[in-house]
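First chain written, first letter: the chains are A, B, C and D, and each begins at residue 1.
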Amino acid sequence: MKAIEIKRIKDIKLNNPIIIEGLPGVGHVGKLVAEHIIKQLGAEKIIEIYSPHFPPQVIVNSNGTIKLVNNEIYAYKADDGGQDLLIIVGDHQSATNEGHYELCSTYISIAKEFGVKRIYTLGGYGTGELSESTDIIGAVNNIELVEQLKSAGVAVGEQELNAGIIGVSGLLLGMCMQIELDAACLMGVTSGYMVDPKSAQSVLRALGKLIGIEFDMHDLEERAVDMMKIVEKLQNAGQVPQPELQSYNEDLRYIG
Amino acid sequence: MKAIEIKRIKDIKLNNPIIIEGLPGVGHVGKLVAEHIIKQLGAEKIIEIYSPHFPPQVIVNSNGTIKLVNNEIYAYKADDGGQDLLIIVGDHQSATNEGHYELCSTYISIAKEFGVKRIYTLGGYGTGELSESTDIIGAVNNIELVEQLKSAGVAVGEQELNAGIIGVSGLLLGMCMQIELDAACLMGVTSGYMVDPKSAQSVLRALGKLIGIEFDMHDLEERAVDMMKIVEKLQNAGQVPQPELQSYNEDLRYIG
Amino acid sequence: MKAIEIKRIKDIKLNNPIIIEGLPGVGHVGKLVAEHIIKQLGAEKIIEIYSPHFPPQVIVNSNGTIKLVNNEIYAYKADDGGQDLLIIVGDHQSATNEGHYELCSTYISIAKEFGVKRIYTLGGYGTGELSESTDIIGAVNNIELVEQLKSAGVAVGEQELNAGIIGVSGLLLGMCMQIELDAACLMGVTSGYMVDPKSAQSVLRALGKLIGIEFDMHDLEERAVDMMKIVEKLQNAGQVPQPELQSYNEDLRYIG
Amino acid sequence: MKAIEIKRIKDIKLNNPIIIEGLPGVGHVGKLVAEHIIKQLGAEKIIEIYSPHFPPQVIVNSNGTIKLVNNEIYAYKADDGGQDLLIIVGDHQSATNEGHYELCSTYISIAKEFGVKRIYTLGGYGTGELSESTDIIGAVNNIELVEQLKSAGVAVGEQELNAGIIGVSGLLLGMCMQIELDAACLMGVTSGYMVDPKSAQSVLRALGKLIGIEFDMHDLEERAVDMMKIVEKLQNAGQVPQPELQSYNEDLRYIG
């Protein structure tokens, strides 16, 4: 295997689908949201993507069977003339620099094939501080999308993002911009220290408004409660990291 | 040398051979087992595999001659209509991400050439704790293999393997699954701190049951006794690492 | 995207242009100078260069729109028969070793296309010590350039540069030397700890003499004043790093 | 530049030349010896080798001119029917894993072109302890060379070299073995902490015996005296590192 392999699992016709990308990243916010959508809508796996740029690793399922790490695309066909979806999920993002570019090229080819006109990439924005923020920060590759995001409660252009957006959620916006395919990134504010189902809820709520689908939050709420109990237990034991003091480096940081 | 080079040392016809992979890894468990089998059965080297993905290194033999690091395949032809074997051993696994995928592709080509229907990959499962566990943990790329492994004393699906299986022992299962070639991984439980001939014995015993060959354990037993003496000496000197306390990170670990 | 992509934004004819390269580096000295020149001369963007060797990242603008990281070439056409310029700027240098060579090859192709006869690469020379030095250190790929640099106040051959010059500013000199295209590197002495608009002023002044253009320093002066205030505040708070004592390693350093 | 570039500087006919490789490495022993030979014999540069696998760097000469990092081959044509030589020197070894294999392939092509029948690679063997050892450790890719090395005072097969030989000095032996081109590696015992002209003297003496050329040691002796003075000064100041105590890891080290 020297190149990306695209394995077609099922043929499907979709009507103006939107792509939602939720690969692993900060706080696993995007992954939690994307997997929640797949489960709740009963979306079907239609494509598996394998690449030598993923780590050389298999996942072991609870019954002892394995799965080669990959990215997968699920399709949701709305019964009622509603919004069709393609959802990108996976075990890992690329382990190499060049692999990110190659894999995003692959996603874009698939987007073109399905006539996709809009992509939402999902992620977390790590602040380094424990909080229960429900804020969502957005970025777009077409200024006309700003108002749509704002009307869904997403903060756009209100905060300086010095590090930009790294990985698929950012790169996909950049590469789509070159072919004038509209894409927006929704980042749930999170500590960056742990999986954050609470932040995922906020992102899911905003995304739901944007794509016109109302999602049940039950599972994510339960997971958030579980997570809060763990954090509380650890805080009582003094094991939760404190936010670091701002160092002078930030004041003098390089001007991008 | 810009690509993998396959050097044929000897032609041989085998009857439905099984592949056993024992490259270096955790506790060198797989390597110990595979080299023990080669020695005991008098298997012959038939193929050498060189690759720019291996470290740029030579091994120096005790007489001052050298050997370019490689992977090698040994063949065992049973005299008595017994089980024929192909055994993969080597000095190193790939030093690069992509190299793992390329080398596994090479092993699979060779498996096809010999009409292989089953592969066993061998490794260690590092717990971070010194113990004399004889447990073996298994994983399979076809659920029909679970019962066979269990009947040989291998624990399958009893333990969560959060990190999955990294390297050739895992990747080979994943890549074989894509072409429906049955493969199972046997991992001896070991500390991960040192070479573990005791764990290797357990793996060899289980593997012997699975492939219908009874192995003499003498050499591995001797090495295990030697190793225990060293550990004891070090423990008396206070030099053996204690198992680390579980950190809160593990409780909150990302959900795969 | 598996290769470098050159996107032409605008066609332009230039008369014997000189190339000025100011990509991010030590103290962002080169970047500050190049961006200052673009702004002051009103140079126009004519080329965008994208590469899988750049980090997989987008920059987020203050209005929430994004920009895929790239390198860009701006052109300045002098009205008055003065010196035409091509200016190379960007968000990042290559993230991989090989990428540096590939990207420099690209710059050289563009240089040939425009009939460029001279290149100035700009950077910082980090001393590890806070100072207000206005020194500029130069290096050339043709000994005939030494006197020109000296007459512009650049120190050439007065100081041992043990680490050589790493990155585009150095590599471009080396690769141009192979095709006998004259190139010189101007490095402003700087601490290496922070963005240094003061050092950028010195470089800009020397460069101005070399290319026969007088630049207004106002913006850089203001930025330098701002930066000095920050440093002063930090020094009062005891937060500015002291220069490290020379370690014995430097005395015994390997002879290049 | 996406591939290795071989630049021919001068055509020369040699009579059964031996190759001597002395690229930078442990204690710069090989580099010191090779450069000493070039200087003393007045060998001429005939080939320059450039590669995107070298660091993206230029060396700055004392007069301010630069040199793109490369590897170079010098030729020595003996007047008196003596031994002709090809000497490989350079600023760096490959910065990437695959680059080592590619560059060694290049050296071997050049060896074939000149009808080379023997290669000596030179390096240092770092012990981690300051000493004035004059020992030389050898390794060969053909057992018939062992006695020749021993008769020149080189220890072969007397010491376990657990890490093998890493980099060009080892890889060249391994890759030459595959085409049955005789090669031997001479490693001067050294601390590994600093440039070691004393160890270089020992290697040069042994190499001289092997190739039948008597070298003047004057320059290396002077450099060794200088280096000893520096070490003494540092020792008095308490700045020289002490050898580390052997850790238990070495006792239990993985069996190759």
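Just so we're on the same page, a residue touches a chain if its C-beta (ideal position, glycine included) is under 8 Å from a C-beta of that chain, and two chains touch if they have at least 3 such contacts.
What you are looking at is a predicted structure, and each value in this text was computed from that prediction instead of being measured.
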Angle, in degrees to the nearest 5, of the Cα rotation that carries subunit A onto subunit B: 90
Numbering shared by both copies at the subunit C-subunit A contact, with half separating same from different: different
Centre-to-centre distance between subunit D and subunit B (centres being mean Cα positions), rounded to whole Å: 36
Geometric centre distance via CA averages, subunit D-subunit A, whole Å: 51
Subunit C residues counted as touching two or more neighbouring chains: none
Overall pattern in which the protein chains touch one another (line/ring/star/complete/other): ring
Chain-to-chain touches, reported pairwise for every pair that qualifies: A-B, A-C, B-D, C-D
Interfacial residue positions of subunit B with respect to subunit A in the complex: 94, 97-98, 100-102, 104-105, 138-143, 146, 149, 156-157, 160-161, 164-168, 170-171, 173-175, 177-178, 185, 247-248, 251-256
Partner subunit A, residues of subunit C touching it in the complex: 1-2, 7, 24, 28, 50, 52-53, 55-69, 91, 95-96, 193-195, 227, 230-231, 234, 237, 239-240
